[in-house]
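Right, one structure below, let's go through it.
Which chain is which? They are A, B, C, D and E, in the order written, and residues in each are numbered from 1.
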Amino acid sequence: MTDATNPAGAAPAPKHPSSLLAADVRTKRRNAAEARFKAYGLAAVGIGLIFLVALLFAIIRNGTPAFTQTFLTIPVELPEAKLDKNGNRDPADLSKVTTFGYAPLIEVAVARALEENGIDSPFEKQKDLRNLVSASAPAQLRDYVLQHPDDIGKTIEFRMLASSRVDGYLKGRVTRDSLARDKNLDAEHLDLVDQLQAAGLIKKQFNWAFIFGADASESRPEQAGIGVAMIGSFFMMLVVLALSLPIGVAASIYLEEFAPKNRWTDLIEVNISNLAAVPSIVFGILGLAVFIQFMHFPQSAPLVGGLVLTLMTLPTIIISTRASLKAVPPSIRDAALGVGASKMQAVFHHVLPLAMPGILTGTIIGLAQALGETAPLLLIGMVGFIASNAPDGIASGFLAPNSAMPAQIYEWAKRADPAYYERAWGGIIILLLFLMTMNIIAIILRRRFERRW
Amino acid sequence: MSASLIFLIVVALAAVGFVLGRGRAMASAGGDIRNLHSLPSYYAFNVALSALVPALILLVVWLIAQPALIENRVQSMIPQDRYADRGELSLIMSDVRRVADGLDLAVERDALTREEASSIRTEFTDVRSRLADIGVALGSDVDRTTLTAAQRYRALNATGNAIRNALVILAALAGLGLSLWKTNHEFRARNSVEKVVMALLIGAASLAILTTVGIVLSLIFNTVEFFKLYPAMDFFFGTTWSPSFGGGSELGILPLFWGTFYISLIALAVAVPIGLFAAVYLSEYASPYVRGFAKPLLEVLAGIPTIVYGLFALLTVGPLLVSVFGEQGGLGWMQGGTAVMTAGLVMGIMLIPFVSSLSDDIINSVPQSMRDGSLGLGATKSETIRQVVLPAALPGIVGAVLLAASRAIGETMIVVLGAGAAARLSLNPFDAMTTVTAKIVSQLTGDADFASPEALVAFALGMTLFVITLALNVFALWIVRTYREQYE
Amino acid sequence: MYDSPNSEAKIGQKAIKISANKVQVYYGDTHAIKDVDVQIEDKTVTAFIGPSGCGKSTFLRCLNRMNDTIDICRVEGEILLDGEDIYDKRVDPVQLRAKVGMVFQKPNPFPKSIYDNIAYGPRIHGLARSKADLDDIVEKSLRRGAIWNEVKDRLHAPGTGLSGGQQQRLCIARAIATEPEVLLMDEPCSALDPIATGQVEELIDELRENFSVVIVTHSMQQAARVSQKTAFFHLGNLVEYGMTGQIFTNPNDPRTESYITGRIG
Amino acid sequence: MYDSPNSEAKIGQKAIKISANKVQVYYGDTHAIKDVDVQIEDKTVTAFIGPSGCGKSTFLRCLNRMNDTIDICRVEGEILLDGEDIYDKRVDPVQLRAKVGMVFQKPNPFPKSIYDNIAYGPRIHGLARSKADLDDIVEKSLRRGAIWNEVKDRLHAPGTGLSGGQQQRLCIARAIATEPEVLLMDEPCSALDPIATGQVEELIDELRENFSVVIVTHSMQQAARVSQKTAFFHLGNLVEYGMTGQIFTNPNDPRTESYITGRIG
Amino acid sequence: AAARDQVQVAGSSTVLPYASIVAEAFGENFDFPTPVVESGGSSAGLKRFCEGVGENTIDIANASRQIREKEIKACADNGVSDIIEVRIGYDGIVFASQLNGPEFTAFEPSDWFKALAAKVVVDGKVVDNPNMTWADVNPDLPAQEIITFIPGTKHGTREVFEEKVLKQGCEDTGAMQGFLDSGMDEDAAEHACMAVRTDGKSVDIDGDYTETLARIDSNANGVGVFGLAFYENNTDKLKVATMGGVAPSTETIASGEYPVSRPLFFYVKKAHIGVIPGLKEFAEFFVSDDMAGPDGPLSEYGLVSDPELAETQAVVADENTMGSSM
């Protein structure tokens, strides 16, 4: 036994080469394996990043046009005879004039603008000019008049949206060829647009309304914005964050640190990982049944959306939190207990901070998932044409009907007008920016908590 | 006083309790915290919690119970002949509530005086227009019963609120007083606070059970309904999935399960190796700088809406695969762009961060001494990682993979756009197939008769999927239990 | 180099601090501690000796219920601290561990600063009235742990960046910072040089004035130097327990003798 | 109780195995090893002694580049193994560590079975041709690590469920299973009882026949018993290096003398 | 709970665009808040509609088909007995292909049956569909591989497609008779007429028309099924084919010349009228000439205006429930 020449000494390869500088065959092989392994790792990260870049490239390329919009700025006359027959500026009377009453004013204004700039209209009927302007223009004008009744009888410089086809033309999406069989707009319209643009009446401008505005109906993509849906998402995420993080962490702590290891806790554990595999739409079914039908929460409310998404996010946070709690070495707990800390103190003072990176990762991923989820919202009424006005307070932010960004994007992607397609991608850009802003704190915190021992 | 004001008052009382509790504890210890059983903050929290918890529980119970009770009382005022069933009654009641709320608002805005609000008559006042003036829209004119009911409602509510306010504040005060009285230097404040915290923890954990119960309950009735209309044997063992509107649908779940399994398998085959290797690279090889950037960037992959992935599958990956594996590529395996492979690959990309980020955190928390032990024996870094670090991190990694698998099972958009909608039992990964989840969504959001098996099958699918994943999870738990390696 | 046992003369009849009766410990199916009866006196240093793996640490961990944290570990029998059963349902292990401190065999500093490592115990037990108080306690503990000089300039550096011996002393300092009534020390000097060992032994001697100390050691000399009573464990049994002098000079059991003279391991 | 140094007579002039020149080690800004020159001979046991925190472990870890794993650690100077600079770019630390094995100060068994703990090294180095071969190696290593008897019935139980001393011996057995040319042992006997210590010392003696062993110890007696050469470190400096007998009986440096006689720490 | 003050609509995503246009205009012109219009499918919409009466249920369900007997019963069981049925117009279903693709400009139902049927009758025997190209089906069509994108089984359009195209074609080609002759009973034969081949020539689309468009975009030989409104918005990418010699347009569909179309409905819960502010006004506004008339924005968008709109307006004005008026 004390003999140094042992069976292992007769191993296949010469065990130790004479020089450290030259690797022996086996070491070469192992080093090659090492290099391969590292290369796989690098490749894996690379693949992930390449896909990310490819996706981001597609998103940005398709989405950036949504951030500019074509506007038409022309003088509009507000004849008292049409808008306020009684002449007393009574709001109730003013609001009796519908948008249908305002539409001709716009047609007239466009025709006059053409005239004043010396552009010949190729159209017989004034009505054909309407298609240059967004269908939202009468409503905008009406809103303006209701707010400024004193301007009735005057002529005001009014900026309105051009119609989506005109906008598409300036962005290169619509061409004369492609209009051949379009019944909304003709090539003659485009000639007008060219001249109006030369006259400086039509301009492409940065589109704040897209970032802050509300959804619009199918027929006026040029008006649609994601802002209100963003507020919806914001309030939902508030609910999700405020509930799922504490509840998730609390549940994990209980299961990992305190729960007696018995069938009951096994049941809970299996249950939680099973909940992760429940399709999100099933959470929608649950939300509809529990929150709306049973608890009588309002429909289409971000609060309910947030609650449903919380239930959906919890398993993600619990699973990741438990995994990182498990990874904290027991000697740390012993050390704390040994100086007379209670189990609760040991967990909250020592284990939890050490598990923080994993918890935050779970939160990041869980929230990303929650932020991008549409299916469960379908059943609680947050998908469709919903967000028409921004909520006017915190309570209505939670309770008033609203949509969410992914639902909005999903809706847009479905809509027929191709102008909605670019808006869907633009919406995705905003969603991603929102996501990154949301994550940045978590990422910074996570970096702070990371340590090896 | 509104409920939120009461809430604030209770919170304020708790805050006062906090201070008093602390003070009293310190006083009983002669100003020296060393004489206390627990830290002063525990005494403070104990008093605060004693003031807060019972009062809040009372408040919540009251808030739930009072409307129900008042509703009952007011309902009895509405003549039987006004409604045919409970639904209509509930509509009348919502009108009553709306009027009552409107009156409240009117009083608040000084549009009506308090007396007016409780005495106006429909005969003399057009309540609807009075309320419309202050922005309360009513669906119809207010009739006499509704108005009196609303006034009664207001009166009851006012009394109820007054009693509630008194009781809640009393409860808070009682809790405060009692716990203050109990506070002395020997009182085990920490233990009692920890008990409350423990109760919270247990409550949080039980939420999972509640959710499960909720899911089962919300699926089970319709599932039973489905099996009344459609034979269970055909559902579980049928190999054809072809719903049709005119009846005569074949709703066999097997092709859907096969599709779910196949697509998830491919997705995991992409995500697990890439994710794991990425995690290993980030935690073991990459510089902190690279890691600090690459990790959050990879996480963006999890945040890209799935519709983007779906379009990516449909427009980019599918055609690419066809050009390689389709007729042009000379292999002829692939008919169209939508295939299990397409969806699986793209889903795999989406799942990379699920595996990579979580595993990275877990790998990072394996103690350095484990690595040292292995490196000291002359192991290469990769050997160390493969044989020491990864096994030690296994439970966490399994968790991450489970999460990814769960997500793969639950994904719809990528499947719909990437794998097609055809339910098929085939071994060829280049065939179009579909998954259980995709079909749940499509049957649920379709145009079929909602009482027909074609629509109800969604619930049965959900339920079956739930049971099967449960079984898989039991299996996974068992695996982890068996192979867990605990370090110190 | 060191002088022979010298302290036993000082001991009269002391009060019993901890009394263990028929203690059995199992790890799963392994029976690690078999039927151990032992009375640990107040204001006394008791040494546990015995070959590696005989159950010293296990028994030590029973005395402040640190075994509770090991899932598969099961304790039977009765252990009384000041006459009260510490395994009683009503006993709060936290309070118990505040009274019965412990230094672990493997140094396990918190991954926090040195200062926080020491200050943690006093903080949670409310031993300091003010920041200055706490600074005081930290300094005093580090001094008593014979490590003050080495760390006084880096109190806010992480405790895990210390050398092995420094970590061990840090853990000792951490344990005494909370002023426990009984201190359990599992090989506190294993990684220490003779000087540091001497200082720790001095500390133990000093602690004995007021408290009870139980120390596990592999060094007979150390046992002889610091302890008044010695217990010899072998294969999970308490073979012999008595006055240190008597155990080392005139053991009753042949196994004790074999061990002390270096024949069994 | 122990006899005095007895082994130095056996040593003639041995080949230099490791030669360190002007080695500096920094942890961030802390200068932990200052200008150390030392020649470690082949087929010799070299002891590193010195007060806790003086840099013994740090220097030891330089010899097989284990310091590479500590981010903030920086090594300067030259260390030659068989005349080749181990910090050369072309040197593969893996190959180096296969030649220069290490036992760490804190026992760190892998969270695997006892068998796998030992078999790990031979497996990665391809030292066993068959399962039987491997079984052989495992048994032999455990025997040499003086732990075979305690674990032979539970080879497939986890290594982390062992007692402190058992873990330490497991780590020793693990290190020798790969048959390194140089074995660095950081306080290998700190948690061992005298008998086990004796067995490990026997092992070291046996290893010396063919290999070079460097051992860090706090026990002067142990250093005297097992080593032929001794290096004394103090505050990061190598104060004195020479034949063990000479260092212990007739040190050149007053600091060495103070340390050995127990005056500085 | 605070009382709900906006109208809540849910249901078919085919009706959604029209409903949203109306809702938007309604919000702009009335003092009531803009109604909420959710999508989710006719089935889910009607299901929620029938969940009961009360504030936490919806007021209007949109549907791309008529409500079924069983659904009415389920509704009644939950207390929703008074339902006003409102037909808003027709949805045309068109067949279109890539603008620059092969000349798919004229189809007959029989072409589609022969191209898509799972089984066809050849020489009196029922065999698997052997046709691989359109030219195999009809020599007038381009000799291109058959590849079609048809609505998945979740879509109501599929039902219309099966009834009005496949079954029609089945009868036209005499295959129906062939099936019956081969020993099938009436039901089985009908089923066989509408069974679609599963060898990949026909691709079910469970998504929406955007998806069909994307698929056609990347497949020059593909022919897809679209809604008229969708097609009209995408004339720059698609060219439409005639069916039975008639080109689809709002006029030909309204007159019934173009064979493939389906009516669109919404259902109003009468019990909610007078309770939910603006409900009746919204319903009336929806079917008003301003909106749903032949020159209204809905028709402009692609809805085929109902020739009997006046009757519908009367139904809404009088709040005629289904039992009473039909």
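Here is the rule we go by: a contact is a pair of C-beta atoms (placed from the backbone, for glycine too) under 8 Å apart; a residue touches a chain by one contact, two chains touch by 3 or more.
Quantities reported herein were computed from a predicted structural model and do not represent experimental measurements.
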Which neighbours do subunit C and subunit E have in common?
-> A, B
Which is the least count of steps on a path of touching chains running from subunit D to subunit E?
-> 2
Report the chain whose mean Cα position is at the greatest distance from that of subunit C.
-> E
Enter the angle, 0 to 180° in steps of 5, of the rotation superposing CA atoms of subunit C on those of subunit D.
-> 180
Please indicate the chain closest to the centre of the assembly, with centres calculated from CA atoms only.
-> B
When the C-alpha atoms of subunit C and subunit D are each averaged to a single point, how far apart are the two points in Å?
-> 28
Averaged-CA centre spacing for the pair subunit C and subunit A, given as whole angstrom | 59
Note: subunit D sits from subunit B at a C-alpha centroid distance in Å of 56
Within subunit A, the set of residues that touch 2 or more other chains is 30-31, 34, 288, 330-331, 342, 354, 378-379, 413, 453
Would you mind listing the residues of subunit C that make contact with two or more other chains?
-> 94, 106, 124-125
When you check subunit E against every other chain, which residues touch at least two of them?
-> 1-2, 4, 13, 31, 33, 39-40, 44, 55
For each chain, which other chains does it touch, given as pairs?
-> A-B, A-C, A-D, A-E, B-C, B-D, B-E, C-D
Hey, which residues of subunit D end up touching subunit A in the complex?
-> 81-82, 84, 86, 88, 90-92, 94-96, 98-99, 122, 124-129, 133, 136-137, 140, 143-144, 179, 181, 206, 209-211
Along subunit B, where are the residues that touch subunit A in the complex?
-> 190, 194, 197-198, 200-209, 211-212, 214-215, 217-219, 273-278, 280-282, 284-286, 292, 294, 296-309, 311-312, 316, 349, 352-354, 356-358, 360-362, 364-368, 380-383, 385-386, 393, 395-396, 399-400, 402-403, 405-407, 409-410, 412-413, 436-437, 440-441, 444-445, 459, 462, 465-466, 469-470, 472-474, 476-477, 486-488
Which residues of subunit C touch subunit A in the complex?
-> 64, 66, 69, 71, 93-95, 97-99, 101-104, 106, 108-111, 120-121, 124-125, 160, 171, 174-175, 177-178, 180
Over in the complex, which subunit E residues touch subunit B? Could you list them?
-> 1-5, 12-13, 31-33, 39-44, 46-47, 50, 52-55, 63-65, 68, 70-71, 73-74, 78-80, 147, 152-159, 162, 187, 190-191, 194-195, 198, 200, 203-207, 211, 214-215, 217-219, 271-279
Interfacial residue positions of subunit A with respect to subunit B in the complex = 30-31, 33-34, 37-38, 40-45, 47-49, 51-52, 54-56, 58-59, 246-248, 250-251, 253-255, 258-259, 266-283, 285-286, 288-290, 311, 314-316, 318-320, 322-324, 326-331, 342, 344, 354-355, 357-358, 361-362, 364-365, 368-369, 371-372, 374-375, 378-379, 406, 409-410, 413, 424, 428, 431-432, 435-436, 439, 443, 447, 450, 452-453
